[in-house]
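Each of the next two complexes has subunit A plus one other chain: subunit B in the first, subunit C in the second.
Moving on, here comes the complex of A and B:
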């Protein structure tokens, strides 16, 4: 276990160093070897972007906070809705066959097209951010959780039947805990997506938020702010994922080991 | 409640009335292509209180189906089952049996202690009583030290012992075991066979044990019900009069060999006939 953990960290470190090195090298080639006039907007030096972030961090953080907090609320609501939908579909076959085609169709509508419609309906930027983030979140959570409910092995169910378990008890003692890892698989997909959705809504004419900074910097020619905003957005997505992954580690202690190391000892 | 008093004496004394009575049970089901398959045809067996019996046969003989009918996890197409005068459904709803499956069926998110506790939570047994029974059962199967571990940290043999402890925790009147050791290696299985007999002698429960392993059935049982496949039906009832307690020496005795080879020959007869058809 410690060996696996150490090698995993090493992999992350190597990747990080390699990406930074490649970026700096690329920027150097563009600016100082090919003397590209657009070098600063195509690929600026990473340390320049870092300097911009260091200089502008209060305004970047504020903008990120606006976007991220709404994404988080939408993510929470969407996850809750998705989960309840999964429970409903697992309880009733009819509910599943009615709901599932709509779910699929819902995923075919591009968010880019949906966001303005939502904005026209609710006429409020924050509410739009929340609704779109929730809309993006609920599907992966519902689909993943439902597949968790369906993956419970037959013998585990039969054990519950031998105890004469009622439907609520069956969910409480078996289906819900069993499907927690599946739920997290859905949450991990949805978290960065909800951040992206919130940024997208920013761009539809909001007054604040990281998406607004991106847009203004792009058209205003503020290359340094643009790249600083891009990195901030990326960091928000990564953070949301890591947050969920960390929560999973804490809440799912029975999966701490890698599958390969399970059941090693002798009887 | 009787907490520390054993429910039965250590040496089984058989009642005259059967504890489990299976009468003319048949089971027909449709397979995936819609063809009717006779899983069981007209099977009748009586199992006495405190008796250890095995349902033995090759795959397709319906032994697991029969066990699941007794457990009310399946309903027979025809025939009846009575368990101490009750229907299997009543027996299930009153938790009169403990069941052990082929795989340990432990809940991964529960520690060993909490896995054994599971049925007690569901029966709303008082907290202190739960603790007491869990400790007792874990000691009985020799896993007291592992109470705080998660299932993935235990070997297959240990996990199966947790399954047995869980089945016994509800103080069932009888124990149903569906090939519980078939996924284990020979050495672990023989050890668990001996452990099981020790536990059985201590608790005196009626045990119905499903297996496809002839020597396992002979080693464990008072009587072996031999089932033959296609259609599944009862082909022989063999009394195993080997002395108890049984041990490794039992497995090396000539009586043991002759019982095992006798049962094996009866199967050869079935397959020889089948080959000619």
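Moving on, here comes the complex of A and C:
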């Protein structure tokens, strides 16, 4: 197993190097072979971007921190409410029949489209970052936690019943531990989404944050800062996903990660 | 007969809740609760009236967004599927490629849109570019799972027939991956609509649902903004249902459809 794991890591590493090489080659072709006048803004050399990041990292990190922390608060709140709704739906039939159709429909509609509307309603940029990140986290977490509660085998429930387990004990000892991988499947979908939502609010008219840097660089013509901000925000999305995946490994060591359908409402 | 009331109940609860929600909204319950002024949060009847008045324009914008979303989704899903097929053919190296590709899934749309703005001169090209990137990963990962998670011994059976790789692919792997492909398509159609709308927030073009939402909110035409959101949601649901209907016809044999 460790050998397979190591060779798998090696393969990923080789791929990463290949992607970086392809990027550099693409930038070289654009700039020095085709002499594209826009080369530096279309696809600058990766090492140039790295240099910009190295030069501007304090301000980039500060902006990313503002955006990321609000996304994290909203993500936490949304996950909490989503989880509570899932518990409520699993306890009460009526609650389930009311909320379930809306949960299903919510996965079909472009929720991120609502961001500007919420922004105009809430007005305060920090509050709307949190509200939108929470709102976007809420649905996938509620839906996948509920499906976790529902996937508990009937025999296990019956066993608990035969012990005359009370409701809280049933949840604490059976349903909650069983559904943790499902919860994480939802969290993994929601984490990059909440970062995207937070950046989107930045760009709709905030005063600070990585999205503002992106927007200023876009219209102000500072193309090196633009690409540095793009890479920073991409890194934020990837980081949020990896953080949750790592948390799952630490918190749920007894179970392999759920083979959920990957993707979700993509970031 | 005994089942009918049950089914009716299943429909009635959410319907009553939805109507109550709309009524509370209409009668100013949310305005009182959250301190919104009427001009900030238009009531449902006003949204519907605005939508009815501006239907041709809204539908035109909807068409622009939906066609961009569908084109991008088809391109992105095809690329994703091709990557999955390659990864199945060359598992040792292909799997790493899949992981790298799935990292694209975490790149925020808001960062992709301005990049595509620079690569493509037209709003439509930019939209299709963003949607393509956003839909690749989900298809690649799901299709790979469908192509490689075969029933136990089915591969051995094919080998015992001395089946060629091509035959294994078309007779065993391809039918086996259809359910996962449809799962990916259902994920992708929603992401495609989101990506198309969000990319329009930043595009230079002056059409599409995203532009409509942003432009109307800037002009403080809240009702029109909400009307656009309504259209976008209806379009999203309709597209999803179309894919689900195709799925039902295409994989009638699969247990998930019974």
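Going forward, the second predicted complex is superposed on the first by the 244 of 267 C-alpha atoms of A that agree within 3 Å, B and C clash if a C-alpha of one lies under 4 Å from a C-alpha of the other, contacts with A are read in each partner's own complex, and residues count from 1 in each chain.
Simple rule for what comes next: a residue touches a chain if its C-beta (ideal position, glycine included) is under 8 Å from a C-beta of that chain, and two chains touch if they have at least 3 such contacts.
Quick caveat: nothing in here was measured; it's all calculated off a predicted structure.
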item	value
Contacts of A:163 with subunit B and subunit C, given as first, second, both or neither	first
Partner, of subunit C and subunit B, that touches more residues belonging to subunit A	C
Which of subunit B and subunit C A:98 touches, first, second, both or neither	second
First, second, both or neither for A:17, with subunit B first and subunit C second	neither
Residues of subunit A at both interfaces, subunit B in one complex, subunit C in the other	262-267
Subunit C-facing residues of subunit A, complex	8, 11-12, 14-16, 19, 38, 41-42, 94, 97-102, 105, 107-114, 116-117, 120-121, 192, 195-196, 199-200, 203-204, 211, 214, 218, 226, 229-230, 233-234, 236-238, 240-241, 259, 261-267
Touch list for subunit C against partner subunit A, complex	9-10, 13-14, 17-18, 36, 40-41, 92-93, 95-97, 99-100, 102-103, 105-111, 114-115, 117-119, 134-135, 137-138, 141-142, 145, 180, 183-184, 187-188, 190-191, 193-195, 197-198, 201-202, 209-210, 213-214, 217, 222, 225-226, 229, 232-233, 236-237, 240-241
Touch list for subunit A against partner subunit B, complex	153, 155-156, 158-159, 161-165, 169, 173-174, 177-178, 180, 252-255, 257, 262-267
Contacting residues of subunit B [partner subunit A, same complex]	68, 71, 73, 92-93, 95, 97, 99, 101-103, 105, 107-110, 118-119, 121-123, 150-159, 184, 188, 191-192
